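Shared between the two complexes below is chain A, which pairs with chain B and chain C, respectively.
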Partner chain A sequence: MTTTPRNVLPKGVSANDFEQALAQIRAIVGAEYVVAEDTALAPYNKIMMAVPDEQHAPSAAVMPDSVEQIQAIMKVLNQHRIPVYPISTGKNLGYGSAAPVERGQLVMDLRRMNRILDVDAELCTALVEPGVTYQQLYDYLQEKKLPLWFSCPAPSVIAGPLGNMVDRGVGYTPYGEHFLFSSGMEVVLADGEVLRTGMGSMPGSNTWQVFKWGYGPTLDGIFTQSNYGIVTKMGMWLMPAPPDYRPFLIQYPEDTDITKIVDALRPLRIAMVIPNAVVIAHTLWEAPCTKVNRADYHPGPGAISDEAVQKIRKDHNLGAWNVYAALYGTPETNAANWKIIEQVAAATGGTLITDSTEQGGRATQYRFDLMKGKPNLGEFDLYNWRGGGGSMWFAPVSQAKGSETLKQMQLAKGILAKYGFDYVGEFIVGWRDMHHVIDLLYDRSDAEQMKKAHACFDELLQAFAREGYGVYRANTAFAEKVAATYGPVKRDVERRLKRALDPNNIIAPGRCGISI
Partner chain B sequence: MQSNKIRILVASLALSCAHIALAADPPAEGRDRTYAKVCSFCHDKGVGPAILGRALPAAYIENVVRHGFRAMPSFRSSEIDNTALASVARWVSQSPASKASTASPASPAPSAAPATKAQ
Partner chain C sequence: MDRREFFRRTGGGMLLGAPLASLPATAAALVSPAGAAAAVVVIGQADRSGAVTLAQRLAAALGHGGRPLPVHARDAAALRRPEQVDALLALPHGTRLLGVMDDASAIVFLAMASSRGAHLLAHGHHRLASQGATRHTCSATGCGEALAWHEPASHPATHVERFYLATLGETAPGARTSLPAVPGGDEALASFLIRL
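On to the complex of A and B.
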């Protein structure tokens, strides 16, 4: 039992009550799996957002190893009204990492629950726990010599499929819209009850991972980007490794080329000639990942100039826009579709690159790996652009129409420049939508930049909302403000659901702006 | 007849797939497992600074892993437990520079170790 007074307590909970609860929780999971000292809690408080660490400081962390332990913990938390913030791998970097949405919440760290419970090689499905990382799943499939691929996001070595899907993240293979390719969840509710969604509700069913919908309302969606339960298992679909994989890059020289790129590629994506989530990355996304040093082109303060960006393009053979996509099929089908790709590239004035080692650089290599679901951390090069560990993703959704993309790009670039930040953006083509993902990179060790980054994110959010553009996902510091852009009725329904499912408001209150 | 054709196609697909699956990464070759499975993805690839061959103090390495540093994420005991952390820190501290490394030499000095944060 500690004798030093605690710096951080859950909101509305007395020190005595908290100590009592911790003692009960230690009895459930074992003392070594409860962390409540400030120093030991440091890994749970490393954030990249432009707000003080203190705002997201946890009161404690608990590392259960089973559903039964989670059920028992939920009883204790209800009894003492202690808010809990569940994390899976805790690597939602730039969206909040492993830190709770509100100061004082107790982190429930599910990383130890890292079992790959099932892989069905015939049906191409998997069932995983929250702590499974993409690298772990990759190694498992390699060791068992199973020719199955998955889709993963850029931080795939250390992040995992369950957490990413629950936050509705995206990847780069034909299965890139991750929630779409999930099938079945197990959820521990606030009262400790365990729900299996879809076919998983039925005793003896063997179709949990193959048929998502079940009978009656499909509930999976309410457990994504929310706080209605703790997801402890998730089914996911795997893709048979294609006999022929043809990744490619098409480079375009001008910013304004984005309109014709999108309008030319959209029909191919919708018709699934290009089956994967096409990425259209701007120069300043490629430059850090090609080891361009920003200071060589822009030594002073403020946003980088257009002239400097032009020079980077010329010096390093980068496009204004760099389109990454791939063909997946047999040599015969890919040969047929390849002709279409060549025609489209030629007709739109793009330069087609297929060899990552000869023609492309290190950025091309990590992209080609990601499009076949091979985990890597190549994209972390982005963080070297400004240095200092500050990053917040601003990610508005756009129609897959050329005119819309240019409008969004110009709107974002203007606001970023006003605060001295660069436009580091890419468009990820879903199907008919695009996730316009912008990394607001800043030096978190510089107080002035912190302040500006916060104000800049706020202005981006409001300016885009005025145009009717909403973000698909957001960091925890801005959860409330983002939720407000979606209007009052949706929020009222979410609050009513919260009251029904979690009347004591103990699961991550404030997550995605949902609370009682 | 038709179904035989399909069977043959499926068999040949499966064969091609198996070929792809076998083209796996080379084994870690005596490297510390945590280093091979986590650290190396940045520190051997020039994303983060090279950390091998610099005799960095093990205590410094442990501190950086737990706290994170600038853009480097922190790692919790649920990911890298204390035993694995002690092992990788010792291994990194004692290892010569990696031949395969494409890492840049630019790196923070150990004196820049993050202090324990006050909450």
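On to the complex of A and C.
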């Protein structure tokens, strides 16, 4: 326990009040689970956002172990009007990490609540707490020899399903739209009440994890990308391991091929011939994960040239676009659908690759693993591309049409180049939608690049919004600006909900731009 | 605490030892025979020559009695496997662990360490250049803005070593060796000091 004077306090809260509150919280969770010294709080500082640490510095962190402890803490926080920022595993690096949305918020770290509460092998469902990681769930299923898969995002080894779903993250198996495949939440509200959504509200029901909707308004959605409650349990659907899994890569040689790729693959995706999201990664997304050293091609400052990118393609057998998808089914159904894939690849001038040890090598392997829900950290090599390890995801959404692709790419590339950054992007055909995920990679040890990265992200956001492209997620430093792009009426409704559910504005005010 | 105060700071605190027998084999192998008295563990990324060299320089500075600490080399693949990182982190409470690795590995390592409640004492970035100067940026937790400086790649200064020594509350290098400068090869590295 520390009693050193604190230099970061919640907004509007005196040091004395804060110390009193921490003393009360220590009595609830135990002194060892409240941290307030600088070195212990450092992991809760912002990592990737290109803003000063101080902007998102936490005042303290608390690690409850149960719903009852959270309920008791909420009473204390309401009493002292202390804002709290709940995190599950806090490893959402490119979208904000564990740092609170506003300086001084108390981090509620739910990592101790890491129990896999139920796995129903017949119904293929799971019920998990916030601290459960994908790796933990994977190990559990392996250990129990259960032939069940789940969908996970790229940082899956260290991230968890509850936090990812609450942030409306996506993954790479047929269950990749994570919120869609969730079923049932338990939420501690600001006043300490515990809500179970869907069928979970009904005493005696055993359908919480199988029927999401219940009766009346479906409330689950308002607890995602919001600050109306603290989600403490989540049901999720698991996928039966298919008898036959056929991942593939199709490489295309030219940037301009992206138009026909999307138009050729969209019908297969909508008809579910391809059941998972189709990832179409540009050369520079593949290059870092193939161990290409940027400095070998572009030793100086500024954005890498098109000529250098073409040389990388040639030297390392990478496509301008690299399409990843898979077939999941029986050998018979996959054999039938495989002919369609071969025809589409041939008709569009793509090179079809099925062996992950061929072109692409490591990048292909980690993708093939992700598409079967095997956690890995292969994509982390992106952080080595620029040096300095800075990364911010910019992810606008569009219709899944070829006509949407090149203009977006050119718009992004121009803005990135203006600030000296590379275009490192991929398009993901979700179903009828398409995410254009751009990793703004920069050197976070270079103050000048930090400023440029922040300004660049800002310009990307505004320029894409002018064209009607909204981002589906963003790091917390841009929460307010992103929310503003969605117009005033939606925000007003969100504020009214906040007033109704959290009148003291204590749960993560500012998250996703929602505050009273 | 400002930067001047930081470099004047002394006193590293006592280490809380734990019986060696209670450690997983991998972690026990890292602790020197001297046990808790030498409980600073140095890890360098084996497939990054710059990381190994910088780790060796730091290990030399942190050594005692003219002997450098051992550098435990792990390649990038090992530094991304949770069970292997967990094994490295299964050291006695209070052990300080100093790592030098690429950015991606450092991010993963620190993420896993923080999940186990490790404290981040300091961290740095090192931009090695084949031509011109190497840029170092080091930051001690709670000491305000980062320290940043350039030094010629061919003439190694000892500022990085001094920085981490100061973070540990020591002022003089424990063992001076004739180790070379970190090889300049347009490489970016991260370093960090955590307390388990």
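Here, the second predicted complex is superposed on the first by the 509 of 516 C-alpha atoms of A that agree within 3 Å, B and C clash if a C-alpha of one lies under 4 Å from a C-alpha of the other, contacts with A are read in each partner's own complex, and residues count from 1 in each chain.
Definition applied: a contact is a pair of C-beta atoms (placed from the backbone, for glycine too) under 8 Å apart; a residue touches a chain by one contact, two chains touch by 3 or more.
Please read these numbers as outputs of a predicted model, since none were measured by experiment.
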Side-by-side fit of chain B and chain C on chain A, or clash: clash
Touching partner for A:P43 - first (chain B), second (chain C), both, neither: both
Touching partner for A:L141 - first (chain B), second (chain C), both, neither: first
Residue contacts with chain A in the superposition, chain B compared against chain C: B
Touched partner set for A:A295, first chain B, second chain C, both or neither: second
Chain B versus chain C as contact partner of A:S445, first or second or both or neither: both
Partner chain in contact with A:M108 - chain B first, chain C second, else both or neither: neither
Partner chain(s) touched by A:I507 [first = chain B, second = chain C, both, neither]: neither
Contacts of A:N384 with chain B and chain C, given as first, second, both or neither: both
First (chain B), second (chain C), both or neither touched by A:V67: neither
Chain B clash site on chain C (candidates 39-47, 129-137, 147-155 or 165-173): 39-47
Interface residues of chain A shared between complexes with chain B and chain C: 38-40, 42-43, 89-91, 93, 98, 111, 135, 157-158, 376-377, 380-381, 383-384, 387-389, 444-445
Touching residues (chain side chain A, partner chain C) in the complex: 37-40, 42-43, 47, 89-91, 93, 98, 111, 135, 157-158, 293, 295-296, 299, 376-377, 380-384, 386-389, 443-447
Partner chain A, residues of chain C touching it in the complex: 80, 82, 102-108, 110-115, 117-121, 124-125, 127, 135, 137, 141-142, 146, 148, 186-188, 190, 195
Touching residues on chain B, where the partner in the complex is chain A: 12-14, 16-18, 20-22, 24-25, 37-38, 41-42, 45-48, 66-79, 104, 116-119
Chain B contact footprint on chain A (complex, rising order): 7-8, 35, 38-46, 48, 53-54, 57, 61, 63, 89-91, 93, 97-98, 109, 111-112, 131, 135, 139, 141-142, 145-147, 157-158, 240-245, 291, 330, 362, 375-378, 380-381, 383-384, 387-389, 391, 444-445
